[in-house]
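Below is the structure I would like to discuss, written out as structure tokens.
Chains here go by letter, A, B and C, matching the order in which they are written, and residues are numbered from 1 within each.
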Amino acid sequence: MIPPETTSKEPKEMSAAEERSQQAEAAPDLAAMGEQRKGHGVKVRDLHAYYGAVHAVRGVDIDFPANEVTAIIGPSGCGKSTMVRCINRMHEEIPGARSEGSVTLDELDVYGAGVDVTAVRRMIGMVFQKPNPFPTMSIFDNVAAGLRLSGTKSDNLRERVHRALRAVGLWGEVKNRLNSPGIGLSGGQQQRLCIARAVAVEPEVILMDEPASALDPIATLKVEELIDELKSRYTIVIVTHNMQQAARVAKSTVFMLDGEVVEHDETTKLFTRPADERTERYVTGKFG
Amino acid sequence: MRGTLMLATGVALVPLILVIYYLLYKGLSSWSGSFFSTDPTGNFFGNPGGIRSAIFGTLEIVALASLLAIPIGIAVALYLTEYGKEGWFANLVRYFVDVMTGVPSVVFGLFIYIVLVISHAGGSGFAGWKGALALALLMLPIVIRSSEVVLLLVPGSLREAALALGAPRWRIVWRVVLPTARSGLVTGSLLAVARGMGETAPLLFTVSLATAATANLNGLMNSLPLQIYTDITSPRDVIVARAWGAALTLVALVLILNVIARLISRRSSMA
Amino acid sequence: MQETRHQFREDLKELERQVLGGLDLVISQLDRALESVSYQDVELAAMVVADDDRIDGRYLEVHQGILSLLARQSPVATDLRIVAALLHCIRCIERMGDQCVNIAKLVPLSGHDAPKDKDTLDAIERMGQLARSEVSQAKDALSTRNVELAQDLVRQDAEINRLNRAIFKRAVEIGDDLELREWGMFMILVARCLERVGDNAVEIAEQVVFVVTGLFREMADIGASAETARSS
């Protein structure tokens, strides 16, 4: 479905000020979300995850520092998505799946007794590979969905939705059609809408499971630029099978193989001088 | 090959066309203003009256049956898709539902007859609400089946997205799953209603027959299928004609429901 | 099972072959340049100057090949270090070629039948042999990825530097004869060119160490004794 044209046949030149404000609206603007806040780090210790009898994640220890982007790379089936889904306790929603070990958000043990799962997921948001805006909801409602679904009472819903849209750089593109259906946007816009939805809830951590793999290259770059902006407010973990993306976006990278962490280092070092032979073979494409 | 298939199509179409033709031919002539505005008098001689009470009766009974069958049916379907999933109990339920769809409608009528009518439950013998119950039992598995199919069509990714936002399961069902499946659920329910409208046997043993239009569900009521049943064997031609008219009315009602169901599903797929 | 990225590996190997071939060209240029100095062979010198085009051409080929590989293949880890090293090495090769040309250009200028000083000539010959052996050893170190061989180059280079200083001193003390003094100055220039060739060979050796270890260390400060490890 083609989104309606927002400008009619007017002369092409805009004033310099208009152009600048249009560009400003297109760029992600995290400052719109309010005053600076420090993020929180996540520590994973001795994590094991199972699908029935299959031991998918075997004793993983990782630190995800606050306000940094950490990438997880590895071949298909190495357990990276599973491991990440254990962080926000989505793994246990799969029938027959279970996990052991500890995941702490600062001091809070996410698997602790008496911890409310839905509260955990409000603090640790997630963006999926295929954009999944709610089809029956408008753009506005989609972003507000995070707040409404989680039951957070908020007096300034409108403001929060607008802020989230500004934060992901969608504001300029959708401000005139907030009530049109969310699925009427392009793939890249839909994904940014999903990110706005996650951000509106103001989580501490955002997990991204191959967020750009279903997008075209330009949309991918926009999402990556957005991730770079987002890290100033949130801790970000991104699973990707695109090594160049990990290299562009992440400060440190984890390489996983067969459910274990093989190497975890600063991204530049991992891609210029990997310490482990297996990492070397994977990143240079000698197996994959 | 093509010839054979065309032949089969023809064989199937011919009786359908004949039915419609006969309905129109025999029934249209009895349609009139008084046909729809007067009750059948029940007299053997004289003016036989119209079918007003039958129409009212059908509408009332089916409305009650729908009120029972549709919410419960959708709830069961929700249980099966959201909570039960592949569990042993859910599969058991599915098995029973499948069996129920195959039960002849007369059995439901008999069941209610034995349990509620003979025992004069609720202070009456035959009663409209008991007929509605029998119809509800008939409609229930249809609603469950079609609703489950529609609910399963809701992409799992939507549920995942809602879960990841920190939504409790009931809210996911209420605000995401149901709205997304809404048009499919409506269509399925309307089709179940159309089915229930036309059933004769359950009403035979539970509501029996009346002539006056009544809103009292705790007593005898008229209904279109029963009116047709009794009228068609009458020696008087004009009463037989009335039966045809009633049959045509019934088919018209079912048709209207079908058209509404189509319109709803078409509008929703035009997102 | 065929290795993945087969074409990429082939392209990388080809680039390396071209670089090693460039080193062969340098060696042959050096040999002829030195011969033309020893025998005052102006024609040979002219050939050396003309043939530098081959080295320049090789430089452009390798440079283009590397750009193409970077654009198309996104090399990482060891592959990336090899590519960076090859770019560095082909630059050194081009410079070494230029030094050979400089030597050759000095031949007609230093005059026919000029008086010669035996000590200086011996020193120049010795320098030439060392330079040649350094380039040859650099080539071996690169093609075999041999770190010890690379680090050994520094030892030879120290000797070249010593000889360079000795020739300079000799030219200063060579005597009052004008023609002899003039010749001596030209020999200083030749020595300087040879010393630069040696330095370039050492740079290539540094790149070999970088490819193997991932660490870049300036070897000039290391000297003949055990290297001082600099924090990376």
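Basically, a contact is a pair of C-beta atoms (placed from the backbone, for glycine too) under 8 Å apart; a residue touches a chain by one contact, two chains touch by 3 or more.
This is a predicted model, so every value here is computed, not measured.
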Farthest chain (mean CA position) relative to chain B: C
Closest chain to global C-alpha mean, per-chain Cα centroids: A
Chain A-chain B separation of Cα centroids, rounded to whole Å: 48
Chain centre separation in whole Å, for chain C relative to chain B (CA means): 95
Whole-Å gap separating chain A and chain C, where each centre is the average of the chain's CA atoms: 52
Interfacial residue positions of chain C with respect to chain A in the complex: 3-5, 8, 74-81, 214
Chain A residues touching chain B - in the complex, by the definition given at the top: 88, 90, 93, 95, 118-122, 125-126, 128, 130, 132, 134-136, 145-146, 148-151, 181, 183, 194, 197-198, 201
Partner chain C, residues of chain A touching it in the complex: 243-244, 247, 271-274, 279-280, 283-288
Chain B residues within the chain A interface of the complex: 85-86, 155, 157-158, 160-168, 171-172, 175-176, 179-180, 182, 271
